[in-house]
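You will see two complexes here that share subunit A, one where it goes with subunit B and one where it goes with subunit C.
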Partner chain A sequence: MAEAQIKIEEKIAGKKAVLQLTGELDAKTTPELKARLDAVVAAGVEALLIDMARLTYISSAGCGALNATLKALKDKGGKLILSSLTKEVRDTMDLMFFTKRVAVYTNLAEGEKNL
Partner chain B sequence: MVDARHGRRRGRRPIILRTEIQLTISGDLSELKGVREAVRAFLDSTKRIDLSEDAAEGLDSIQQSRIILAIDEAVANIIEHGFPDSNALAQAKIRLTMRKTPEHVEFEICDNGVQFNPLEHKSDTEFYYEEGLENGAGLITLTTLDCSYRRSEDGQNVLTLRRNWARKDEG
Partner chain C sequence: MNRLVRLLAQSGKNNFKKYVYDPLYNAAWERRAADARKTLEHLRAELKNPAYRNTLAPNCKRMIGAAMAENLAVFGDTVLFFLEVIQILPQVGEAKESAELMAILKAPLSAWQKEQDERSAYVFDRELNNMQDEQIAAALEPIKLGITEERARITGEIQRLYQQILIASRADNYKRAGQLLSRYMIEYSDAEDYAEKDVRKVIDALKARDKTFEDSLNALLATDLYYRISQGIMKGDLRAAVRMIRKYAHIFEGNPHIRYYYEIDRLERMLYNVITKKNLWKFIKKA
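Right after this comes the complex of A and B.
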């Protein structure tokens, strides 16, 4: 049985960054995302957009990594926003009340406009 | 390892009375994807059986997604927190039994980890968000199903998650 995979494409421009996720975020794959998020915040990014158009699954582990990053960015006056959530990923993030804490945009272009 | 037992047919319409599939899972997070795929395949197969006269025709994608999520969270929680050290984790035995009847679909998760009732732990989401915690939201997912917990006589945790076909989600 194949393991879950997560692919992270990253664009950093000064204090802004966009991460596009492809694959699944579960307890196995989330540490890879968390390490990348920590590196992005350490690089001085203050406004982060995460596009989830090709993310097919997220568990509480994935939400937890985003939550820790949200706190780190807010603590330095920054922000975390999301775009392109699939119906199922949106439902999971609604269940965990994450979507009450961050702005969610319908697509990448809208997200980038508001970053 | 999968073991399937199918019920008999009765009456004019073919009704499958009971179908049961069992998976054995090790204490490795790499197993989670396989667990999700097995649950999805099991739920998808409900579309190909005849249910009782008054049951819904099956579960929609969100209802399926919530079941898969709850099971993934429960199994991940056992692997991550159910065993005191790596030696104990290497001996982990987690068994997922999936059953469907004309009335409901049911998932029983048994494990030989430390005694833990996930239903006694309420998530404090305010604290979770204020502190930027990485853990603490997973067990919320169990609230979307009818769940029960017992400790078996042979020292196993037994968590049962059930969903009736006809139940309507709120909101």
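Right after this comes the complex of A and C.
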């Protein structure tokens, strides 16, 4: 099996940021996302949208990184929201109960409107 | 190391000989047979007496050496006893015989573990594919406290265990508190009444008094979960293995610094692949 890869595109505007993920989030790629998320939060972002239209897999490692960011943002009075979840990603997140903790929007435009 | 050796013993005589007996034999630990079983009973009794603690490690070494000349069964018991004592008594853990045992077994055990991981992954994938849809769904189902009696029993057990944790932490009994917390988290982290915030408070309080507490607890939890996963796979109890993977994910939430992070991530991917292949997502979520 080919090794998982992740590409992260980032747009920061003041206290808001949008991250678009492409690839897979597993034990190998999650530390890269985690480092980026920590940097975004440290830069003062309080409202974060993560678009997952091109994310094809997520494991509990990925959900864990998102959960840690969610907690960090909530502590600052901020929020984390998600958009464009593929069926595969949504299923895993449901199983991890993560979709119960965050707002999920059908597409990027919807997500940006609610950021 | 204790759990790993125990797992290895369960995997068969040949493995145990190859990865535990032979390395110790090559390190010249074998001695003349001297009824190691009797010595084991003596040492078990001496465990309770602090006056004998200084001599426990050299005696354990001698006993293992004698057991090597007897048979594999008593040899296994003596090695496990020594490893157990190393864990329980810091004085024994610091002895040169303990360091020697660890140094001899470290490389062969990690070689076996690597092989075992490969074998487990293969067996897990195969068995998972053979599992009935209902079995997979049931294995992934969190504890549901629907029936009144069952709810009362589990809620009572959660509260009782939690009280014991508080007592152990107040008494600075870190080892006991760690064991109880580990049991509590493994059993109930996915239960409806799990007191996540309270558990966090207890861990933080113990961590403030002993900086290594949380790392030790995580190592204990991860090892225990990994042991149960491997045991489940080895015994063909896929339901237990799947449940423990689910619990590992729930407790550690993808922390890469936790033991067995990559090994369990690999099994998790296999699990999701089978669920997708069998088109079970809807079924599992309903359960």
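The criterion applied here is as follows: the second predicted complex is superposed on the first by the 113 of 115 C-alpha atoms of A that agree within 3 Å, B and C clash if a C-alpha of one lies under 4 Å from a C-alpha of the other, contacts with A are read in each partner's own complex, and residues count from 1 in each chain.
One rule holds in what follows: a residue touches a chain if its C-beta (ideal position, glycine included) is under 8 Å from a C-beta of that chain, and two chains touch if they have at least 3 such contacts.
Predicted model, so just to flag it, every value in this text is computed and none were measured.
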Next item on the list: After lining both complexes up on subunit A, report clash or fit for subunit B versus subunit C.
Entry: clash
Check: First (subunit B), second (subunit C), both or neither: which does A:Ser59 touch?
Finding: both
Next item on the list: With both structures superposed, pick whichever of subunit B and subunit C touches the larger number of subunit A residues.
Entry: B
Next item on the list: Report for A:Arg101: first if it touches subunit B alone, second if subunit C alone, otherwise both or neither.
Entry: first
Next item on the list: Report for A:Ala42: first if it touches subunit B alone, second if subunit C alone, otherwise both or neither.
Entry: neither
Margin query: Going by the contact rule set out at the top, does A:Ala72 touch subunit B (first), subunit C (second), both, or neither?
Written below: first
Next item on the list: Just name the clashing stretch of subunit C against subunit B, choosing from 25-33, 133-141, 169-177 or 205-213.
Entry: 133-141
Next item on the list: Using the superposition on A, tell me which residues of subunit A are in contact with subunit B and, in the other complex, with subunit C.
Entry: 26-28, 34, 57, 59-61, 63-65, 67-68, 87-88, 91-92, 95-96
Note to self: For a test of understanding, state which residues of subunit C touch subunit A in their complex under the given definition.
What the structure shows: 140, 246, 248-250, 252-256, 261-262, 265-266, 268-269, 272, 275-276, 281, 284-285
Checklist line | For the subunit A and subunit C complex, residues of the former touching the latter | finding: 26-28, 30-31, 34, 57, 59-65, 67-68, 87-88, 91-92, 94-96
Check: Considering the complex alone, what residue numbers of subunit B touch subunit A?
Finding: 29-34, 36-37, 61-62, 65-66, 69, 72-73, 76, 79-80, 125, 128-129, 131-138, 140-141, 144
Check: Which residues, counting only subunit A, touch subunit B once they are in their complex?
Finding: 1-4, 24, 26-28, 34, 57, 59-61, 63-65, 67-72, 87-88, 91-92, 95-98, 101
